[in-house]
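Per-chain residue numbering starts at 1, and chain names A, B, C and D are given in the order in which the chains are listed.
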Amino acid sequence: MSTVLTLDAMARRVKPGMKLALPVDYAGVSMAMTRPLIAHGAGRLHVVCLPTGGMQPDMLIGAGLVETIETSAMTLGEAGGAPCFARAIAAGSIRIVDSTCPAVHAGFLAAQKGVPFATLRGLIGTDILAHRPDWKVIDNPFSETPDPIVAIPAIRPDVAIFHAPVADRDGNVWIGRRRELASLAYASEQTLVTVERIVDESLLSDERTAAGVIPALYVEAVAVAREGAKPLGLWGEYGPDMMEVARYAREARSEAGFRAFLDGADHALEAAR
Amino acid sequence: MSTVLTLDAMARRVKPGMKLALPVDYAGVSMAMTRPLIAHGAGRLHVVCLPTGGMQPDMLIGAGLVETIETSAMTLGEAGGAPCFARAIAAGSIRIVDSTCPAVHAGFLAAQKGVPFATLRGLIGTDILAHRPDWKVIDNPFSETPDPIVAIPAIRPDVAIFHAPVADRDGNVWIGRRRELASLAYASEQTLVTVERIVDESLLSDERTAAGVIPALYVEAVAVAREGAKPLGLWGEYGPDMMEVARYAREARSEAGFRAFLDGADHALEAAR
Amino acid sequence: MSPVLPRERLIVAIANLLDGVRHVAVGASSPIPAAGAMLRRALAEAADAPRVRISILGSVAHNFFTNGSAELFDCAGQGRIDAFFLGGGQIDGEANINLVGIGDYPQTKVRWPGSFGSAYLYFVVPRVILFREEHSPRVFVEKVDFVSAPGTSPEGVHRTGGPHALLTGMGQFSFDRERRRFRLTSVHPGHTLESIKAATGFAFDHDPVAAMTADPDARVLALLRGRVLDELAETYPEFARGLSAELAA
Amino acid sequence: MSPVLPRERLIVAIANLLDGVRHVAVGASSPIPAAGAMLRRALAEAADAPRVRISILGSVAHNFFTNGSAELFDCAGQGRIDAFFLGGGQIDGEANINLVGIGDYPQTKVRWPGSFGSAYLYFVVPRVILFREEHSPRVFVEKVDFVSAPGTSPEGVHRTGGPHALLTGMGQFSFDRERRRFRLTSVHPGHTLESIKAATGFAFDHDPVAAMTADPDARVLALLRGRVLDELAETYPEFARGLSAELAA
């Protein structure tokens, strides 16, 4: 049985210095948690994006909460580059740990499987590998000739946060075919999920929905947040509001603009209450 | 677009000496393919069970088609031990490659990921490991102290065969939460699937069903076989006929009894036509 | 109230061994361990303790997994399973278990199904309860013919789990991982230290006078015969019917 | 029929480069590669050749994956993806690509999004088509500032994939993996060997007189402007509208 929390209470589960895992923009980002996380203010975060990051980690960077960002890309998609991220890189105020998508997946998979590392082809000869002292090149023990292969250590986040369409009263969460959300949950110590709605009937009682469910076993807490992924989209529910993302991309280009955008978000929030 | 075949045509895809992957009894065994496989007679098979084997591999052993059986167990569940398997072990007429469930999963996962091996905790000090020269104990490169861990090479079957409730005209197959069937398909060169029925609407068009679908990309051919898992069960469709499994367990205890059971199966088949 | 049945005693013993677990997994066709887990869950609820989660392999009502048969092992590797049950065709004095067969491998005289997940779960589940009702010298041997899973591991081998206790139809043992020996902790009514020694192929530690297995108190027995028996009937109808009939007799 | 548009030429060039593939994956926001793949599929159907499967990342209609964003990479690792497209903020003469930034890493002067899956896919997809419309010395450099993915690998490094061709707004190149050099294979109308040389920061091989990119034949153009444009409109409505408007102009 997972706990049902308010967004603010959920944000308080995040402590300074934690490793925080977030999903890619199209998979179900809990944008509703962004503002509460910033208000709560737990900093020095190590944010790891599965496998790329967008608006939410960019805003956390803009708010100064992120010490390290581990990702295979930071982008606002068609709206362009991630402005706070770019500013932080230029200023040298953030540690960037560049990866490649399947390496992030491999790290989460190793955690899921309870093994210290997973291996991945590719990577050899890249500057990504050159800047990853935490990765090791080992020799494939099954090859008769030397065969170097990269070993990626398990990624075990303290907390994962994402948004999904629906949960039930037991805390089971329906993620459909967005299996990366299951990876987040399997690998993370705590998984916090916002949902559009909570239903009374168990999502495991019908084999059709059960196929797309993360069991409550992996879900620490659930909070309801209608349209909780907006302005990003939620598959099967609503598309992204690209105008709003573009407005963010534009306004957040400067520190002051970012602050003004945040204040605007505050006002919008107030207005909605 | 996968091809729709008859059971006999599907059986002919299996060639002597192939590595054939089969699922555990409760996950969706294509029992309908057992008789056609025996009639086709491709032998010297290396059968690998994900992760344990039951009635179908036992019958293939009884029919003399299996050279090697790689599995973490052979059992008829409540009906007892697998009789043809036990007889073949006692006679030394089969090569048994004993494994443990998560090691079989690890081998399939390595193939899915396109890596030469996956690692697994446990196993050290077991006689399973002692009899697996194809496994290697390597040192965890991320540990500061010696930390042995077993490396399991990828399992890449030539062909996988299983039974599922439904396929669509494109060859997408619904497996629900029986994700081991997806592992079979990802890892195998060819995947042959029997189904209860073929539907007209794409299983990918509704996100609810899509969550439990193996895409046609991995499915070589589909054949319709009503009640194709019987006497084993098919989740959400019908339970196992334990009386019939028990009858098999009893009759197949001798070579002659097994042959008589097969003949009976022939007659039942004739009668049904 | 009718007297305590031997199988009820085993169920209560298991519930006691599971005190404090958050998530216990039970293999297929294991009604007594499942009943013990259900009783533990009922006791936890009655005491307002944290909820006990039970995963019964092969059950529909108790299947919380959605990622195929690999998920149990993943879950154990993540440290999300606190207790599991293992049996064995042979179990020896160092808690090694054999699920493969008797005689020279691979052409064993007797062949059992195989090791299933034991060669992994025994290493990573903190509280593995060895459970075998039959207590005889053919089961409890000096040395197993084949090690499906070892009772202990040398230093340096990753091992977060292992044997917590051995429960049989005759008594209950604890296991000392350092000394690699079982210790008899209680003898079930109807048995004696001597009869247990005679039925056990390995040496074990024990007090000069072995304690008797205590009777469960009335509250526990009532829970078991009420709610737990009802819950059990959903997953193991035949076993539940048998137990009810025995109680009525 | 209206004259061939530059972007149509690129689409046709891509369709030609995809001849014989069974499964091509296309990144998000890549309308020209997607159109090329769709044209290849239409051509294969017209020729009764084996079906061409197209996976467009981020598309709903062209998403055949059901295992999350890892599935593309798994699929590539299984050898089930024959062709993929990569671009690059910088591409150098040895086909190294840079998707990370300009200047000293990590505090680069210019920072691009990052390497995405390139550091893997470039190694395992047999036919990687480098596609970058902008053909300028700031893109095509002597040596990239950061290697997101290398054009070639030393012997002994597992590599089943790599650069198959480089297509730009000015021309098309093949790549010789042994010699680690591009060779100009054709110049698009409106450009010359000299203008390409001036716009390219690295040396490349070429014939004394460079061939011009041939015009697509009428049948191909009709397929592109008919069926392919319709299909494209589902996934890239804006791009399709733009192309239609240009054709109508």
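The rule is short, and it goes like this: contacts are C-beta pairs under 8 Å (C-beta built on N, C-alpha and C of every residue); 3 or more make two chains touch, one makes a residue touch a chain.
Predicted model only: the values in this text are computed from it and were never measured.
Least step count on the touch graph, chain C to chain D: 2.
Note: centroid distance chain B to chain D, computed from Cα atoms, is 40 Å.
Per-chain Cα centroids separate chain A from chain D by 30 Å. Within chain B, residues 109, 113-115, 120-121, 147, 149, 177, 182, 210-213 each touch two or more of the remaining chains. Chain C has residues 65-67, 77, 124 in contact with two or more other chains. Chain pairs that touch, as defined above: A-B, A-C, A-D, B-C, B-D. Listing the residues of chain C that touch chain A in their complex gives 23, 51, 53, 63-67, 74-80, 124.
For chain A in complex with chain D, the residues that touch the partner chain are 24, 26-27, 50-52, 71-75, 77-78, 81-82, 85-86, 89-90, 92, 95-96, 98-103, 105, 109, 120-129, 131, 145-149, 177-183. Contact residues on chain C toward chain B in their complex (touch as defined above): 28-29, 58, 65-71, 73, 77, 99-101, 105-109, 111-124, 146-150, 153-154, 156-158.
Those residues of chain A whose C-beta lies close enough to touch chain B in the complex are 106, 109, 113-121, 136, 138, 140-143, 147, 149, 151, 153, 175-177, 207-213, 235-236. On the chain B side of its complex with chain D, the touching residues are 1, 111-115, 182, 186-187, 204, 210-218.
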